[in-house]
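Read through the structures below before going on.
Two complexes come next, and they have one chain in common, chain A, joined by chain B in the first and chain C in the second.
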Partner chain A sequence: MRAYSPKQDVQKKAYYNDRFHVVPQVPRANVETNEQFLADVNALKEKFNVLDAYLEKGHLVLYVEPKNNVKVVTFLKEKLSYDMMMELSAIDYIATRGGFEIFYEMLSLNKHKRIRVKCFVEEKEELQSVESVFKMANWSEREMYDMYGINIINHHNLKRILMPDDWYDYPLRKTYPLQGDEAAAWYEVDKIFGKEAREAIGPEIRDAAAIDRYDTTRFSRLGHEVPYGADITNGKEPEHTPLAYQEEGGVKLFGVRLIKELHEDKSVELKKRR
Partner chain B sequence: MQQVNRLKPFFENINFEREDNTMVVNFGPQHPSAHGQLRLILELQGEEIVKAVPAIGYLHRGMEKMGENMMYNEFLPTTDRMDYIAATSNNYGFALAVEKLLDIEAPRRAEIIRTMLLELNRIISHLFWLATHALDVGAMSIFLYTFREREFAMDLMEDYCGARLTHSAVRIGGVPLDLPQNWCDDLLKFTDNLNKEIDNYEGLLTENRIWRMRLENVGIISPEMAKSWGCSGVALRGSGFKWDLRKEMPYGIYPELDFEIPYSTSCDSYGRYKCYMQEMRESMKILKQLIPLYKESEPQLMAHAPEYVSAPKEDIMTQNYSLMQHFVLVTQGMKPPKGEIYVATESPKGELGYMIVSDGTPYAYKMKLRAPSFWHTGILEDLLPGHQLADVVTIIGNLNVVFGEIDR
Partner chain C sequence: MAQHKVNYLANGGAPIVLTSIDKFINFGRSNSLWPLTYGLACCAIEMMATGASRYDFDRFGTIFRASPRQADVIVIAGTLTKKHAEFMRRLYDQMPDPKWVISMGSCANTGGMFNTYATVQGADRIVPVDIYLPGCAPRPETLQYALMMLQKKIRREPASKAMKRKRLV
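Coming up: the complex of A and B.
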């Protein structure tokens, strides 16, 4: 029986796992250990439902409800002076939890503090755009949509940004394959000539760097030159390859040959540099 | 929402002739002043821009995906290819983020060498910026002068690590090599020379009538706009914020160093130009302070953390246990603790952030690369309308965008 590999997460995995390895956790601190953050969280808790809040490596991490995302971000910007949003994106947890974790990385210029606001959305759930609060979300949310296919609403121009507009699937999802399509070599052949022409035409070469040593029309082998188009597939190369590489009659300018004609029988091979 | 998987030739959908007398100009992606693969779709009323749509993605290599499918040490050389003008800052940002995640610290000498490389790379990047920006605006000779000096700086880089552009000279846990002999003397010679050269550049440009006409009051980023668009680096400092992560949220040995943060309140391209020039001088000031610090530091170059960092080469070659541990680290990779981290450093372009989500396996669960140029390109959408067509190249050049890090 073939080994079963789950399709929900096709990313690269470690080939060996020590059974006895216990993964440590980056230490998380209570919000009370930092006065500034504690005041911010308390101010936020009065207005909104804060699901979780902790400190991780000096960063305040806040979990809020996805329906409140715009209001929370606006509150943080206007009331608590987190006046810049540096980054926003998603983390794919479809395989384990059926959705995405969205994070908003915010910075306060006068408090010198960073916070990360997070919320969890289901795979098909709608998420409000924060573009009206921070203009940087215009491009960031386009990227998030492009890479994860998150259903963002109220964005004025939601289209793909990095991938081509007609791209299928969302590249940063864990389900996105790491290798190309095996059948892709036949797509064009089937479409243009029909399936029955497969044998006559052969698969399309999709590797731009492909090299075929037997193809004498497009490749030449240095030191083993053969005439253009010669068939060497049986491994037999012609015993003699003419040395003259010029066109018949040579290249002429004002009726005079630019380069002298090469007489192969009269040519000598020098053993030593003169 | 778009329709997926339906082939539509998008370029042909743009109307080039309209009722309203505006003209659509397709600028790029192969325009020499587009500084890479930027495609701008400009709507012109006469010579004035009424609408600008920047389109990116022509250099997209899926680095975030690669980051999730490569071990941490494998991914490090890939970061070179983000901001390829200043590769060290990418390496350093990544190494610092992973070090913070692992809770290890690079030895002092390694940190000093890294800072030297960072500042040298900042100078290289700023010289490159000045050269190409001035060339776009029409000052051809500056290009030749700055590229000569940049060449000397790259020679220093080459002396250190052998590479000129993509030098993965920073490792997770330290640096692989000590400085070669006489490198510090060469560096001093270089900085002394560059000081004079920068005076020359400024002599040619700062009060130059054409230069001022082309840059003053062009590309005005208001403070609100800069904050809203997530601008960082000189784009933020040029809008009146004295904000540099090296000073405001310091990392490495920056707290020990004495340097100023140049900023400008004029919000225009000319103010940003002055910031760049001053920043090069400040970087040289830092480099000069680092040389005595280097000389009095201990010679250890890599952090001692056997779980995550391989032992020195001598140990690997002589001691069995070091070899075993090295083998495991190379084939299986290090296993960091479970957790999330966002570490931002000040690259020559702005705030370069690495967000790493680790689930305890040798591969990052999520790697988000925050490249400053991404939003410095996005802002063109708001910045260009109202300007003349000739100002487009000034603004693009002035914002110092690099497409390796925009498209990632």
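Coming up: the complex of A and C.
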């Protein structure tokens, strides 16, 4: 077996830091600038605690408490006629704020308005499923669980949707390593052949530029074919290997040649259809 | 692609002079290569085009079969994800010997542009591949060429060799 190297912290280590990245800021407008949204926010404020409300690109953005999420979404659907849930997902803010921002994009076909309901949950905090209100939340919440590891409760079938059930860690978290994760790198080998086979199969080659033009066991070029495993390091590569679409000796049946033999130098390229 | 320490040549040895029986058996095998109807991603579209009338795989006696029990060849046409690798190997195991594998396109050959945690970096980590077909996606003509190369490979090797179980590990 391969020597063990400690990999406890490999999931913690961020592979990328954005030194020069400036987060784009979308200009925000006051809710008072839109009567429709102002009425909606006021209606909502009577029943729930609205932490923040503003307009972004003409759409209303609301911050609510995570414990109210199902009630707010139900109220918006039934009383304020935001009758479609377009999308819901999460944003990873673990590094800066220790949790996730959940957003629900909703659309009202009567009012021709879109709103975005947001709430912030801590990393381990439970979040109620809105599946009972909108059926589409079923898969979206499974994806949230699969990709971010958000604790959704009261979901009827909460299991991973894209990754295999026995996958370790949550791939869309910013801390997820793109390379160097041992469980991910050996996943298919361990599953199919068992850990003993790691030595025989070898580590996966993740260097995209790993091309060796002298390697004739794993690479070849059409039109410049050389025998398998031939040594071409000292420039003994043939300039051009003739194309060989046919069997050696031609295509014969009972000693009679069926198809003309291919001579590459005599073949012509047709410029137009016959 | 995986750097195997598995030596395929050790199993049946290098190509040797064919006997008439070998020639006859290989004639039958190579001219009725039935691939499995099995597509993974965009390469499968090209594979379907190759099977359809314009490019016409039937000319080579190659007719897609819907069951691995009836198939001789599996064309790994597309991105093989780690979640799916297990099932791909199971399909391969269900095929009767002798069987061959064509790895079609960059993704199946090396993982291609999907240099990620979730993609198998080369289908040859899972099954022993006979023909690697480069391209993204390869055109139907090149899949035909790959099939002709596979036919050639089958005709060259002794018929008994193909019956030996090819094991990756």
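The rule is simple: the second predicted complex is superposed on the first by the 155 of 274 C-alpha atoms of A that agree within 3 Å, B and C clash if a C-alpha of one lies under 4 Å from a C-alpha of the other, contacts with A are read in each partner's own complex, and residues count from 1 in each chain.
Note that in this section contacts are C-beta pairs under 8 Å (C-beta built on N, C-alpha and C of every residue); 3 or more make two chains touch, one makes a residue touch a chain.
All figures in this text were calculated on a predicted structure; none of them were measured in a lab.
Please work out whether A:A95 is in contact with chain B alone, chain C alone, both, or neither, and reply first, second, both or neither.
In the superposed model, A:A95 contacts neither chain B nor chain C.
Using the superposition on chain A described above, determine whether A:H59 touches chain B (first), chain C (second), both, or neither.
first
Which holds for A:A43: it touches chain B only (first), chain C only (second), both, or neither?
neither
What is the contact status of A:L178 with respect to chain B (first) and chain C (second): first, second, both, or neither?
Both partners, chain B and chain C.
A:I205 contacts which: chain B (first), chain C (second), both, neither?
second
Which of the two partners, first being chain B and second being chain C, lies in contact with A:P164: first, second, both, or neither?
A:P164 contacts both chain B and chain C.
By the touch definition at the top of the document, which applies to A:M85: first (chain B), second (chain C), both, or neither?
Only chain B; A:M85 stays clear of chain C.
Does the superposition put A:I232 against chain B (first), chain C (second), both, or neither?
After superposition on chain A, A:I232 lies in contact with neither partner.
So which one touches more of the residues on chain A, chain B or chain C?
Greater contact footprint in residues on chain A: B.
Have a look at where A:Y187 lands relative to chain B and chain C in the superposition and call it first, second, both or neither.
second
Going by the contact definition given at the top, which residues of chain A touch chain B in one complex and chain C in the other?
In chain A, residues 162-164, 171, 176, 178 are touched by chain B and also by chain C.
Any idea which chain C residues touch chain A in the complex?
1-6, 82-83, 85-86, 89, 110-111, 115-118, 120-122, 125-126, 134, 145, 148, 152, 155, 168-169
Would you mind writing out the residues of chain B in touch with chain A in their complex?
Residues 1-2, 4-8, 10, 56-57, 60, 62, 64-65, 68-70, 100-101, 103, 225, 227-230, 232, 241, 243, 248-249, 332-333, 335, 337-342, 344, 351, 353, 355, 357-363, 365-366, 368, 370, 374-375, 378-379, 381-382, 407-408.
If we count contacts the way the header does, which residues on chain A are in touch with chain C in the complex?
These residues of chain A touch chain C: 162-164, 171, 176-179, 181, 184-185, 187-189, 191-193, 197, 199-202, 204-206, 208, 218, 222, 245, 247.
With touch defined as at the start, can you tell me which chain A residues reach chain B in the complex?
Touch list, chain A to chain B: 11-16, 21, 23-26, 56-57, 59, 61, 83-87, 89, 91-92, 103, 105, 109, 112, 114, 116, 134-136, 138-140, 143, 147, 151, 158-168, 171-172, 176, 178.
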